[in-house]
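Next up: the structures, one after another.
Two complexes come next, and they have one chain in common, subunit A, joined by subunit B in the first and subunit C in the second.
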Partner chain A sequence: MPKVTFIEHNGTAHTVEAANGESLMRAAVDNNVPGIDGDCGGECACATCHVYVEADWWEKVGGRTETEETMLSFAAATKDNSRLCCQIMMSDALDGIVVHTPDGQH
Partner chain B sequence: MNHISMDAVRAAEARAWSTPLADLAPADPQLFKDNAQWAYFERLRKEDPIHFTRDSEFGPYWSITNYKDIMAVDTNHKVFSSLSTLGGISIRDQRADFPLPMFIAMDPPIHDAQRKVVSPIVAPGNLAILEQTIRERAQTILDALPRGETFDWVDRVSIELTTQMLATLFDFPFHDRRKLTRWSDVATTIAGPGGLVETEEQRQAELRECAGYFMQLWNQRVNAPPTTDLISMLAHGESTRNMTPQEFLGNLILLIVGGNDTTRNSLTGGLYAFSKFPEQYQKLRANPELLDSAIPEIIRWQTPLAHMRRTAVSDIEIGGKHIKAGDKVIMWYVSGNRDEEVIESPNALIVDRARPRQHLSFGFGVHRCVGNRLAEMQLRIVWEEILKRDLDIEVLEEPERVMSTFIKGYISMPVRIRN
Partner chain C sequence: MTSVVVVGAGHAAIQLAASLRQGRFDGPITLIADEAGLPYQRPPLSKAFLAGHMDEPALALRPANFYAAQNVTVVENDPASAIDRAGHAVVTASGARIGYGHLVLATGAANRALPVPGADLPGVVGLRSLAEARGMKAILGDLKRVVVIGAGFIGLEFAAVAAERGIAVTLIEAAPRPLMRGVSAVMSDYLAAAHRGWGTRLLTGTGVSAIIGTTRAEGVELSTGEIVPADLVLVAIGVVPNTGLAAAAGLEVGNGIVVDSLLATADPAISAMGDCAAFPMEGQGRIRLESVQNASDQARCLADRLLGKPAAYAKLPWFWSDQGALKLQIAGLSGGHDRTILRGDPASGAFSVFCYQGERLLAVESLNRAPDHMAARRFLAGAAAVTPEQAADPMFDLRTAN
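Up next is the complex of A and B:
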């Protein structure tokens, strides 16, 4: 199964599996990755799964929708490489993706 | 009193199932006062989850009662408007003669701009700074509680703590802090004989006093360098510094009610819930790390705001029902949070529930509660301090509840600390 690595603000890395078509948020929540809550269950409606996508992967994850832009605009500590990871679906092309979680997101 | 309230619940339950469906009207403040609304929503979720009530003291309205439909409405702000001039965000239309514009009752893009001014105060960095102050205040309040004698948990703990917190956020004169409680209560009350305020004129007069008090604080802060309190943020914020006095008052009321009533009632609701599910409290007592899931579970179980209202601005079909532009649409969070299709054993408080964070109490979408992390932090700190002291708190009577379909809360709850 493809893998995704979440790196916490303090540097701790968590590599977990995610099935193709499954969101990175779901993979994080199902594996108790700290810092990803996913309160809305993947509806792009709470902004509690905010991550920073590493540069090598930025082009591959695709663009943000208008809804995601809006929800992200209310999140704390956003950067140019911010995404809501419930909107990033795993695929073979994303196998090995690395994302970082913001400080203090829960 | 216990007795009467149980009778009221049973009578309401019978009515909920015997009333012709077309006449079922869940938005009845007395039902909420009696905690007797549950059967109405149980029936609606089963038989008519998107339900139209033709006539009520609030006019005609749609009731959205299950979790998924509420999510669909809450995340569709283009069709379902929060605009105050269309009626705003609660079932009772905002008064046209005393408008209180606030960002919760605006639509994008103005909503977005004003919200962004306020959100930094409840961002993680600022919460970390506030945590120690909140903890010290919680410790002081808990240590001062009487032992072995009856007292009102709502007044001594829930109100006191949330009010102190608000005073901290606003950098509000500490000795006057109970004014905040009063203004919060007055803002959401309905004037009437024997009520909190007797007349609408009195209500508006008190809110003008609130505006005047805060205007003084605004004037002090606008002429001083920016600080991290909310008034200073509003006075210096690009999207808020030119607010009209009415807008200023509206946003203040929003922050006072938003930061006061909700946390207050979840603080009481948590203790009340543990009195109903004592084995859950014992589980938490043995495993305090379960607070991570117990806190969102308490917030779900309590649902401190029973509903949010929207107004449709275009026709839309949802769940086979045709909602028309101009219709009043009530998202009953209190019902969606007990939706057995999404939440297992929804009526039970379960401190180690699998996905406790998936609840509707904070809403979803652009209007999601801006202070949700602050609320959780306050509740977590209070319960951490209660657990540390191993207080054995006994709820002595059913609490007295608020007469409102919006604020799902408590007026008083007598308790005694046994140890």
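Up next is the complex of A and C:
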């Protein structure tokens, strides 16, 4: 199964498996990765699964959706490489992707 | 603290277990569940699950391997029957005795029973548990006419799903308007019109005097004397908190299990959270909330205390409801508002209602306007402020408020 690495604000890395088609948010919550809340359950309605995508992967994850863009504009500490990871679906092309979690989701 | 036992296995219980493990708590965690099977999400039961957009595996709060990986024990299908406070143990229906270092009551709530003749007939159902939702889903295709009693969130959500399937829906509400306690008159009126537009016969200010039928429900007799025929009657008149276990153990209960701002009961070894907990909130007195947000945030708050970082619970309440294509999001509690400011045009199908008490913003109800909801959560959490004039101005960008 493809893998994704979440790196916490404090530097702790968590590498977990995610099935193809599964969102990175789901993989984080299912594996109890700290720093990803996913309060709305993947509806792109809460902006509590904010991550920063590492430069090497930015092109591969594709663009933000329109709703996601709007939600991110209300999130704290956004950067050019911010995404809501409920909107990033795992695929073989993303095997090994690395994302960083912000200091907090609220 | 040596071990944590939670009575309940809903949103709050699972979040507490997850947060404790994230915080490096390494003692035993045991969740005592009334039901069999993996702990599941309730909100989709009356929405996506019933409508067929979400299957049963997707309802699980966490996959099966989560519990082994996180070393969390779920005692399934064995309701807690008593608390031995002196002996620090919970006794279950099967007779098992489970010792605790700290006990957390996350017992949730139960459907409020309809106090009229015939309410116990087959064909009179509730919609709260997965078992109830499964039963409903299995027969939905055969239903021609349903009566829904109660135009709260569950009643409205179910009515939307049923009407969309071509079922003739009669929705009966005792109050003058739907969601009387939950939303402003503006939003309530909009929702009432929307449901009527979908073909639902919505009767407000109307009581129910009996369920008619001999071997199963065949109709509902209204306070007006009219009898509305029905293949099925859904009772959705709210819930009552599950306080019996706490009360029998001598803990204070009222509208919920009474806790302080740290979510602690008078017994230092017992806390309560989620739908069952009556907690103090600034400006509101002691309240009880039924929502995923409240369950999740209280669980995080309590986990922090059990991990040695106590803080008063003070999170902003927020809610959502999907009815057909309408996505309603509410931030804050609107009770006591004395004026409403409309942002956006209801005729466009996307608008928000800003509920003010004087100059103070109490709540914002957004319909198909998620950005307003996100902005409202910032305002209501005190991170920024918006005046009634700004809220009413369509050219004002809420993101620029400070």
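Please note the rule applied: the second predicted complex is superposed on the first by the 105 of 106 C-alpha atoms of A that agree within 3 Å, B and C clash if a C-alpha of one lies under 4 Å from a C-alpha of the other, contacts with A are read in each partner's own complex, and residues count from 1 in each chain.
Definition applied: contacts are C-beta pairs under 8 Å (C-beta built on N, C-alpha and C of every residue); 3 or more make two chains touch, one makes a residue touch a chain.
Quick caveat, the model's predicted, so the values are computed rather than measured.
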Clash or fit: subunit B against subunit C, after overlaying the two structures on subunit A? clash
Would you sort A:103 into first (subunit B), second (subunit C), both or neither based on which partner it touches? first
Quick one: subunit B or subunit C, who's touching more of subunit A? B
Subunit B versus subunit C as contact partner of A:2, first or second or both or neither: neither
Going by the contact rule set out at the top, does A:77 touch subunit B (first), subunit C (second), both, or neither? first
Check whether A:34 is in contact with subunit B, with subunit C, with both or with neither, and answer first, second, both or neither. second
Give one of first, second, both or neither to describe whether A:45 is in contact with subunit B, with subunit C, with both, or with none. both
Clash with subunit C: which of subunit B's stretches 165-173, 219-227 or 327-335? 327-335
Of all the subunit A residues, which ones make contact with subunit B and with subunit C? 29, 37, 39-41, 45, 47, 67, 70-71, 73-74
Residue numbers of subunit B touching subunit A in their complex, please. 71, 74-75, 108, 112, 115-116, 119-120, 123-125, 127-128, 355, 357-358, 362, 364-366, 368, 370, 373
Which part of subunit C faces subunit A closely enough to touch in the complex? 18, 21-22, 41, 43-44, 62-63, 66, 69-70, 292-293, 296, 320, 327, 329, 370-371, 373-375, 377-378, 399
Residues of subunit A defined as touching subunit C within the complex: 29-32, 34, 37, 39-41, 45, 47, 67, 70-71, 73-74
Within their complex, subunit A touches subunit B through residues 29, 37-41, 43-48, 67, 70-71, 73-74, 76-77, 102-106
